[in-house]
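What follows is a pair of complexes built around subunit A, which joins subunit B in one and subunit C in the other.
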Partner chain A sequence: MDWASFLQSLANGILIAGLYAAVTLGLTLVLGVMGIVNFAHGELVMLGAYSTFWLFTLLGIDPMLSIPMSGLILFFIGLPIYRFTIRPILKDPPLNQLLLTLGISIFLQNLAMILWKADSRAVITSYSGMSLHLGMVHVGLTRLVTFLIAVTLTIFLILFLYKARPGRAMRAVSENNTASWLIGINVQKTYLLAFGVASGLAGASGALVSTIMYTFPMVGFKLSLKAFCILILGGLGNIPGALFGSLILGLTESFVGTYAPEGSGWAEGISFMLIMVILIIKPTGLAGTRRE
Partner chain B sequence: MKKKGVRFILGLFGIGLILGGFLNGGSVMAQDTIKIGAVLPLSKAAFAQAGEEQRRGLLMALEEINQAGGVLGKKVELIIEDDTGEPSVGIAAAEKLLTRDKVVALIGGYSSTITFAQLNAIQRLEPFVAWVGASSTKVEHEFGPKRWFFHYHPWDYHRQSTIRDFLLTISPRPKTIAVAYEDGIYGTTSRDYVVKYLKEKGFEIVFDERFKSGSSDFTPMLTKIKKANPDVIYWVAYAGDTTLIMKQSKEIDFNPKLFLSVAINFPQYKDSLGATGDYVGGVDVWIPGMKLQETVKWMEKFKKAYPGRTPEYWVPLAYTNLLTVVDAIKRAGSTEKEKLIAAMEKTDYNSPLGKMTFKKSEEGGLHQAIDEQIITQWQAGVSHVVYPASKATGKLIYPTPDWKNR
Partner chain C sequence: MNRSFPWKTVFLLVALAIFMIFYPKWVGSYFLHLTVAAFLTMILSSSWDILARTGQVSVGQAGLFGIGAYTAALLFQWIHLQPVLGMLAGAILAMGVATLLGYLTLRLRGIYFSITTIAFSEALSVIWLMTPSVTGGAMGVSSPPLFGGNREHAYYLILVALALVIFVVWLIESSRLNLAFTAIRENEDVANVMGINPTRYKILAFMISAFFTGFAGGFYSHYNTYIIPHEVFGLGISIGCLVMPIFGGLYTITGPIIGTIVIKVIEEYLRVTISYGHQIAYGLILVVVVLFMPEGLVGLWRRRILPLFNRDQG
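This part shows the complex of A and B:
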């Protein structure tokens, strides 16, 4: 039994799961609170990645420091997006909502292409390639930090939803928005804040994408496909479920990639196979929906 | 009042349309240009770097041509279409240029997969095609024998035989090779040739798998390759993949004696990788550091047009593409297809890449421009030609030092 490879595969899977989880958090929040699947979420991540790239290139700001900055920038971009595009269609049939967010997604991808061209942009710092040697396993420093940040963001989000007033309002609204309104919660403001927070999370995860990979206008699209897989794996609207689903996807991709024959070719498509299998067996997702 | 207003506005519209028609008609008459169409990948991340490089080369050539008065007394009009990295869009773009814009020549090109689809669709028109892209011999077998098809880029076997010959010159000779390749026809055709050539000469292939270009995570694949412990890792991919493969090789401390790939001299190589990109070798068509007279002259022009940039071979190749086509038009004295084909066959042009003539190629092609390749290696942030000895500007560093010892 080749322990070195096995442990390395395990580590690879856990680490990439960190990135996937960070990307999926905001998507889960919006789905849980508003019941809307935001197809443009990936593009918000992409904008976060570009904001980190430009902060680094133009102002010399370290990508790790720009995580909260990109988060904040995207929070403020998310607010008008919600107010002018999402809010008007909250009560519309799901198909219309889907088409709208898909439209925003395509618009943002093309805007990015026009503004910044399609070349991939990378952010390299002095610590970019550094890796830690833990016994037989080599762990990339930036990936490890990403994983830790993803876990931190998840914990903070859960604390926010359970302890902070606006967070609890979000949970109330997601369970029953009429009852919430009746007891005095400003439902519209809560939705607005939820979308803003979700966009901020997207922005922060975009900063991580920019460091681990490279950024280009379509990077959001590829990541959102994985995020949808994780939503289904972890339960639609279920926040801890997002972390759990990310781990499953990350580990599956890693083990298939390393051990399956021709695995490197299969690994990218695994997310889709997982989606199909789970939807057939348990349509509400492995961990169940929040609304159950 | 309201009805009157509506009629007034309709009337304005009508006058506007008529005037517009006249103005358009006027400019059509003044628009007597020679139209050449190019299809390039300008928006797909993995291809866009090369697409943009080609566009720069084409625009450089266009400006030179038109400043000298154009050709046959007319200016040259270049229409560039984006294939967005999709075969279906590439086909539509090529068809549009040939049937709607009625271009006299179709140039450009990049991806083998898209090229194959395009040529399949447009061959019924038998257009004059002077194509810079595509290296897969699937294209050579199918379209090489067509009299209207002229091809510049080396075919895959030119690359792979150069790789084989280069590996044979290394001492001590590497024994085990890992081969990883992108899953389009560029990667699969390259892999087929390299595996065949290497096995013939006694090399042992310890890893042989495909991957999806554009993946975000190569660590599972690299972990598997590390386990196989090859002397050399050879991968066939596009620029974005190469960046990640090198970064992630460093992360998991993968230390083969040589990292070898294809075309590692794209402009963002140094910016994306920094020192992580050192010691990597690659087979290539041309680098700016080559010591040909035409190269030196052309580099001066390039530096003026695009200060601060380093060109990859796509720039001088696209530049040569347009100039040789216009040169053929001049010698033919016409844009009529048969005369163009005859003139193009007699091309003898001094380009920044060397002398351009069209010869037969090994697997059925009638008109092939380039067949020689070089091997380059990045050393301390500078790309050197390390093979063949006749063109070398530096010596190969082998074996590659471990990551911790750099």
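This part shows the complex of A and C:
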């Protein structure tokens, strides 16, 4: 076996897994706290990617610096989306929630198409082409930084959920919202904040997406499907599961890309095939917690 | 309705049938084309609604549509199979695939099934792109114009297919199947206890739905003369299939028809005004319907408009 290409695929898989994890975090948060699968999450990521692209192209702001800005922009886009569309249907059947968030997703995709056309756009910085040599493995600088930021975001989210008061309130609400209400937690406010934070995370991960992938109106939909695959791999609504799922998907895509004939084309379809295979074998998802 | 012979309904149906038969004589070629496109969408939305009656939301009808489209196109390319037979072959193959897929995935509930159907159509799209020697790949497949480009004949074919779909929906609605479907939709566990095997009925609904969706795909490939994977397996078709009936009114015969007419008019207007992203209307309609008019246009009519007239008469 050729060790260099094996290690290179391993490294690529882990690096892309970091990005996938960042994209999935917000989806996991909304699902865990309010039990809604937000089909529009990918589109929020897409908007984050566009905002980074425009901040870079029009104002020359470095994409790494615009991560907090994209996060903040999406946080404030997320709040009205929650208030006016998600909140009224919190108690509806899951299929209504699916149709509503799917509607938001289609709306945002086409809005992006109208505003910015279907062109693929790339953020190319002075350091885009640089890479590090670690033994036999080449690691793109942008990919490495992206990975490190994704890891940082994850750590921040975990700290927020376990140490900060509003984060702990989110965990309480996700366990039992009536009991949380009884002990004086403002459930509505917690939901609002959770959706805002999830949107902010989408914006931040969108900034990362813009640096290593092309930005185009459908990029969010593609990432949504990957995120669903990760959720199904890792179990719904928990963060360690999402990290595990991201790693599996990232590595599978990377190894298929390297070793299968015409692998890079097939790698695009891995997530879809994994979704089908896992749900067929184990209908409650790989980690197997049941949530109706 | 009482048990006596429904003269009024029959009279209306006969009048409608006569109108539809002479319709191509009265309208221009462009309008006829729009009508054919609308009928095709009505078939798709009515057949999506059949599955929806069991409480399953498919977001991957494009997978079945694409299978039908490619079966018809490729069979013509390989063995010059007569187009209408090709469409039937596409319908049967789509039904077969749906049976298998349904058998494997219809145990899944709600959102899991929906996600699987999206994954299914997207996976097919990747497979098609990656096996160009069989499927034509990204370049697609073309076939000669249907009936030598005679639009009137195409119109009559799709009219018959649509009439058949509506007849099947009517049969379902007036048979015990409707009760089983509704029971499963309302509460699957209770339905199970009452002796209805939910998975079996869901598969049956999916099969019927897939048959007509596959046929529509086959018709599309010959009528349009050219298909590519990104389009026939695309999200746009899957979304179209569900927006029309949801807007018109779920679980009704007229809902998908009315929904299609209204949305097609909006879409045609938007297509002229903005070059990209006219499907923005689909997204907006989904949001508005879920939030404000859960029973769609038919529900709005029954609840808000009809009482106004009744009050006037009384």
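Observations on the structure shown:
In the analysis below, the second predicted complex is superposed on the first by the 276 of 292 C-alpha atoms of A that agree within 3 Å, B and C clash if a C-alpha of one lies under 4 Å from a C-alpha of the other, contacts with A are read in each partner's own complex, and residues count from 1 in each chain.
Operating definition for what follows: a residue touches a chain if its C-beta (ideal position, glycine included) is under 8 Å from a C-beta of that chain, and two chains touch if they have at least 3 such contacts.
All figures in this text were calculated on a predicted structure; none of them were measured in a lab.
Once the two complexes are overlaid through subunit A, subunit B and subunit C clash, as defined at the top of the document. In the superposition on chain A, A:240 makes contact with neither subunit B nor subunit C. Judged by the touch definition given at the top, the superposed model places A:96 against subunit C, while subunit B stays out of reach.
Look at A:268: by the touch rule set out above, it reaches both subunit B and subunit C.
In the superposition on chain A, contact is made by A:88 with subunit C only, not with subunit B. Of the two partner chains, subunit C is the only one touched by A:232; subunit B is not.
In the superposed pair of complexes, A:105 makes contact with subunit C only, with no contact to subunit B. In the superposition on chain A, A:118 makes contact with both subunit B and subunit C. When both complexes are aligned on chain A, the segment of subunit C among 42-50, 96-104, 114-122 or 132-140 whose C-alpha atoms clash with subunit B is 132-140.
Common to the subunit B-facing and subunit C-facing surfaces of subunit A are residues 113, 117-118, 217, 262, 265, 268-269. Residues 42-45, 48-49, 52, 180, 183, 209-212, 214-221, 223-224, 226-227, 239-240, 243-244, 247-248, 250-253, 268, 271-274, 276, 403 of subunit B touch subunit A in their complex. By the touch criterion stated above, subunit A contacts subunit C in their complex at residues 37, 85, 88-89, 92-96, 98-100, 102-114, 117-118, 217, 221, 225, 228-229, 232, 262, 265-266, 268-269, 271-273, 275-276, 279-280, 283, 292. Contacts from subunit A toward subunit B in the complex involve residues 2, 4-5, 8-9, 12-13, 15-16, 19, 113, 117-120, 122, 124, 128-129, 131, 133, 138-140, 143, 212-214, 216-219, 222-223, 253-259, 262-265, 267-269. On the subunit C side of its complex with subunit A, the touching residues are 55, 57, 59, 104-105, 107-112, 114-116, 118-120, 122-123, 126-127, 129-130, 235, 239, 242, 246, 274, 276-280, 282-287, 289-291, 294.
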